[in-house]
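In structure tokens below, several structures.
Two complexes are shown next, each including subunit A; its partner changes from subunit B in the first to subunit C in the second.
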Partner chain A sequence: MESKNNWKAWLYLAPALILLSVFTFFPIINTVIVSFTKDYDVIDASFSGFTFDNYIDILTPIHNANGNDGTAFESVMLIGLPNTLLLTFITVPISIILSLIIAICLNSIKFFKKIFQTIFFMPYVTNAIAIGMVFSVIFDTKYGLMNFLFGTPGFPWIYQNLTTGATVNYWSALFAICFYIIWHSLPYKILIFLGGLQNIDAQYYDAAKIDGAGRFKTALRVTVPLLSPQILYIMITSFIGAFKEYNSVIGLFGASGGSFDKTTGPRTMQTIVFYIYEKMGENGAGGAGLASAAAVVLFIIIMAFTIVQRKVSKSRVHY
Partner chain B sequence: MIMENVIETKNLQNESYKDVVLVMRDEHQSAEEKDRASKISHIIAMTFTYIFLAVLAVIMVFPFYWMIITSLKSGTEIKQLVPTFWPMTMRWDNYARAFAQLNFLVLMRNTLIVGIFSTLGTLLTTIFAAFAFARLDFKGKDFIFTLLLGTMMIPGEMMVISNYISVSLLGMTGGTNVIGAYGAMILPFMISVFYIYLLRQTFRQIPNELYLAAKVDGKSDWEFLWKVMVPLAKPTLTTILILKLMGSWNAYVWPQLIATGNPDLYLITVGLRETFSTAGDLDAYGAQMAATVIVTVPLLLVFIFCRKYIMRGVSRAGIKG
Partner chain C sequence: MEIRINHLTKTFPGNPKKNIPDTTAVNDFNIVVPDGTLLGLLGPSGCGKSTTLYMISGLKQPTEGEIWFGDEDVTHLAPEKRGIGLVFQNYALYPHMTVYDNVKFPLTNLNVKRTKKAQKTIDALTILDLLEHNLDEIVKMEQESVYNNKISKSAFARKMVFRFHIVTSLANTIFSYGLSRVEGDEREAKLSEAKAKLNAAIAAEKEALEKKGFSINDKYEVLDANGATIEENRKLTKDEIDALVQETARLVQIDQYLERKPSELSGGQQQRVAIARALVKKPRVLLLDEPLSNLDARLRLQTREEIRRIQRETGITTVFVTHDQEEAMSISDKIVVMRQGIKMQEDAPQEVYRNPNSLFVAKFLGNPPINVFKGSIKKGTLYIGEEKICKNKAFKEDKDVYVGIRPEGFLCDEHTKEEDKVLSLDVQAIQTMGRDMSLVCDSACKDGDALIKIIIDSEIKVGVGVNKFAIRPTKMFVFDGKSEERIYLED
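== the complex of A and B ==
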């Protein structure tokens, strides 16, 4: 009976395993292989030998036989990486702290709880591209609401002022996209934290009250430690998510990723993932190799961060 | 003993029984004062909490509000230096223009085809795999399950490149091979490790006695799966169905790569971005915002009517175990 059960089980698993092999397992290995090929051509899968050049092109400005002119280095190390890191380290901490405060507030109120919960969850069920376009209208140079509110008519938040020719300051564009990303990423975090808060036993709060702890102290010393599993989960998933930021850039700045004043920072808001997709879409020889190498580099960065986070948090998470 | 005496005397002096409760005076406040103070501080805290939440709620809703009113404004009204917070005249024709520019019927057709097939496919592969992991015994079960969960850690970009190469080799991208392009947009999305995990958890909660009883009744695994487990797991399956359909509606990267160069193959989100790609074109803003309303409203409607299922599915991810 055991053996009969055995092959039946594999039959049930077959559809999932076949699809996973074709679209997940094989591609992971293949991407690593392609990242070491020279002149990989997407059209007929031909290439001329193996090389480290793709990695050298991306990670160093050294000119080599591949005909490296430094553009790959500029796109990945001077534009993609700084943008990705800035977006990650600005949006992740702010959105986690903000969502934690909102969740604690939501958990403490009695009236209108459901309505507030619904409102705070709304951005989750929207289309990143569509709402990105709405934000680009709000941040519009000439007639945008932001310029009206701040009393700065014609200030080029994210698009150049075509009349005066004023170029976009990198930091204003960064502000706009961070605002959007945080807005968009709050709902999921709030929901997870609320779920965690509802599981906290009321006796902890009673104990804190008897000890005379104030609201703030209770939140900091009781709620946060008891929520630490959820906080760790959210931290890891949102770091991974932020490292892969792409849709928000497309939504806000369009397919070009924006165009900013070079003296103020990177000249576009292109991220590493942006570079990967851009190179992949180029049907010429070599693009796929560079895209694969960038994907592998991104994977290593994400892995390293995840492992460090787990190590650091191990002593701080209370289960 | 001595303490009690003190209290006793004090009590007699005040001639009020209530003060007995006030054995301990704290910071020179009586219990009543203390009680009142804590009540007041509670009210103040609640007021601030509500103000804080209300302000943030306004910020959360504002983009939706701005999208809707801008979609109803005329070009000249959008260009006013002092923005209006309600359209002076409702310009419904923005919607007519948006529908026309979007090539809406084609986008809808493509999105529905891709959405329905990838959702049905996902449900089937998920039900089978979750059943195997939850109920059946086989060699290497734990190893394969761990392997599957491991793939969730790997960024999708690693797979997208190779998958793109594969479908290009098979001639499934771009213009001419329509069936191939649909296949390329559907097949990779007929599987989801996360949903397998989610459904496995639900299946495992179904008591083993039911399975044994079915065995005694001579029911096969197949019958048990469809007659007992699937009906019992309906809420989870509904959650998967809704989230998956929403995923197809929002899909951008992969469908955009596949459909490049052939607008007849665009899904709704790709169509939206490609149609209104020129930034800063103010005359088009009305129609552009109308188009974003058209893309956003179905999602919000689904959310309003299926809130329970969506929030349950999403929050399940954060619960350990």
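== the complex of A and C ==
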């Protein structure tokens, strides 16, 4: 295209660019700025000077002039970050492998294929909070299906047993929320993998058959490598999604984020995003600064992971 | 391995509800492919030739009929148990694997029955032999394998494999001696150390076997206490796989591209990789599904020769599917012409052209295509229009016929003055193509819209307008007007 016609291209892009600038680019930059301010007030955007205190507060237990008592550090570094990392590194690999297996199986059946596809896609169109509430009933101490199945009446999966006073073990709560996140994230992944599978030329399977490769070997050596672009896409998006986990915590444990036995792990299931929302909603000045600083930290973590993933997968992905 | 196909039929079921009738892709098909020959399945697209091939491969199940490989009925055998190699039309090379891995893949799935051999001894002796006779060359080769200012193990190994036809692991062992990195006495010392190590390995294996009561014969086969060889059922070892891959790569001349991905190769090279993958497990039968249709004209010619060479060298029974008559004629030992699932003619390549048994075969083979005229038989004489062509005892009853005359079947000399076998044609255009001349003519009696094409010696003088042409009797075929079958003339 000739360069003098460039303004036309910009004109066509303008609506999208303006919207993106106002609602995406500006907020990102503003977040970084806010994270360096002292006593930022979200109502009138007033603040009293720039400082590193927000970062010091959330990243270190050092007491400073700001009146840091270590609660921000505890919420982010001792509760939010471990929770977020654990959720990410448990749910992402398991859900990818599970959805891959389900997608390959779904792709190879002939009868009821559409019905099964619909069944597996159902959770995707269901509201996350609603599913969370259903799961909290499943894992309920008194009436829960889980206790019924395992024959462990009164076991405090996610809620304290009010009769005996038995407290919740962190790991049982983690199991419950991972169960829920994996179940909820399967449909989308299955959908993407099924799409990718349907694009694989059937001749590769014929060739594998002639070459005498069994079903399992064909799946591992032919199907999975040919699906690698989709797998990379799903890996990156679900890592980012898992780092932003918030809905599921609210859905399963309520607005408090749960309350567990402190000796077994973090005392709540609050994630970093959970902390960010909590701080933003706080009355008075200063909360927004801490929330923004936490957001920037999360942004850097996600960015680093994505870059590493892309680097590592470069040689393994075949377009 | 002889292939016999008896009454092979494949019907794809239709859908009566939607008024889609059943489709018979292959209909009562019978052929015998003798051991070691190349059969060309020729026909227009949709004639069932690929379906036949896939049924031989086992990827498609026949509706009826039997397929025999030698004395074995393979009709209901799974594809991987048939011992076949199949080259797909678009190669179907695994894009994520290197050429080496692609060729290797079938071998990793193979279970073989082998006589147990003293492999360590054989390897050690091979290396000793190389060090004895080719030391200078090896050292030089190692010194030349410099990549990024470092002696590259893989480059050296590639060269060694290429030069001495050994497996990669042996080349790596030789590299580990580091003979090129030192000179004179030091090298001698390293050499004798290596030799001592190898001899020790031979002795060690012998001792280990003797402990179990086994011994080694002069073919380095392991003998048990009774002096009998030991058969073992197992997967191929890494070295055996490497040897087979290298051997096949040399056969199809892709040994220089083994480390590349298929996408980095040209069409012809990809084609050869596909053939290597099909051949590497030493199949009983090689099947090729339109293997040249994705190549450009020049490469097609070259690859076709290549396929013929590989087939001759390996002596493997091959079935080759194509819609290109020239291709089929040039490499097949025998051609089967198919039409709508039915075998039309089965013959030697030249015979199919020279002696077609039906109008379809006559029309399908030959470029430019055969000229077809509408003729008639009246009282034992063949007429095209008003012109009397010939009398023959085979013309028993009066009927309409088709007369096919090959483009090269016309003469323009003193024969035109004779009474029969002369045809008047309206020459419309003359093209000289070097040695030959192509005439485009019209005739009231031509069948269909295509104009008559004549290929004739360019020295003959013909003008535009109506000319008389004599017909060469061997290039003229008469076909029944209804059944389109050949009416063979009698002498």
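Keep in mind that, in the parts below, the second predicted complex is superposed on the first by the 301 of 319 C-alpha atoms of A that agree within 3 Å, B and C clash if a C-alpha of one lies under 4 Å from a C-alpha of the other, contacts with A are read in each partner's own complex, and residues count from 1 in each chain.
Definition applied: contacts are C-beta pairs under 8 Å (C-beta built on N, C-alpha and C of every residue); 3 or more make two chains touch, one makes a residue touch a chain.
All values derive from a computational prediction rather than experimental measurement.
*Asks:* Per the overlay, which chain contacts more subunit A residues, subunit B or subunit C?
*Replies:* The larger set of subunit A residues in touch belongs to B.
*Asks:* In the superposed arrangement, which partner chain does A:Arg310 touch: subunit B (first), subunit C (second), both, or neither?
*Replies:* neither
*Asks:* Once chain A of both complexes is superposed, is A:Ile210 in touch with subunit B (first), subunit C (second), both, or neither?
*Replies:* Once the two structures are laid over each other on A, A:Ile210 reaches subunit C alone.
*Asks:* Could you look at A:Lys262 and tell me whether it touches subunit B, subunit C, both or neither (first, second, both, neither)?
*Replies:* Neither partner.
*Asks:* Starting from the residues of subunit A touching subunit B, keep only those that also touch subunit C in the other complex, and list them.
*Replies:* none
*Asks:* Going by the contact rule at the top, pick out the subunit C residues touching subunit A in the complex.
*Replies:* Residues in contact with subunit A: 57, 59, 78-80, 84-86, 88, 90, 92, 94-97, 105-106, 109-110, 277-278, 281.
*Asks:* If you look only at subunit A, which of its residues touch subunit C in the complex?
*Replies:* Where subunit A meets subunit C, its residues are 201, 203-204, 206-214, 217, 221-222, 225-226, 228, 318.
*Asks:* In their shared complex, at which residues does subunit A touch subunit B?
*Replies:* 2, 5-6, 8-10, 12-17, 19-20, 22-28, 30-31, 34, 42-45, 101-102, 105-106, 108-109, 112, 116, 118-131, 133-138, 140-143, 145, 148, 153, 159, 162, 183, 186, 188, 191-192, 194-196, 215, 229-230, 233-234, 240, 243-244, 246-247, 250-251, 253-255, 273, 276-277, 280-281, 283, 288, 291-292, 295-296, 298-299, 302-303, 306, 319
*Asks:* Show which residues of subunit B lie in contact with subunit A when the two form their complex.
*Replies:* Where subunit B meets subunit A, its residues are 45-46, 49-50, 52-53, 56-57, 59-61, 63-64, 66-67, 70, 78-83, 124-126, 128-129, 131-133, 136-139, 141, 144, 148, 151, 153-166, 168-169, 187-188, 190-191, 193, 196, 221, 246, 249-250, 252-253, 257, 260, 269, 272-273, 276-280, 282, 285, 288-289, 291-292, 295-296, 299-300, 302-303, 307, 310-311, 314-315, 317-320.
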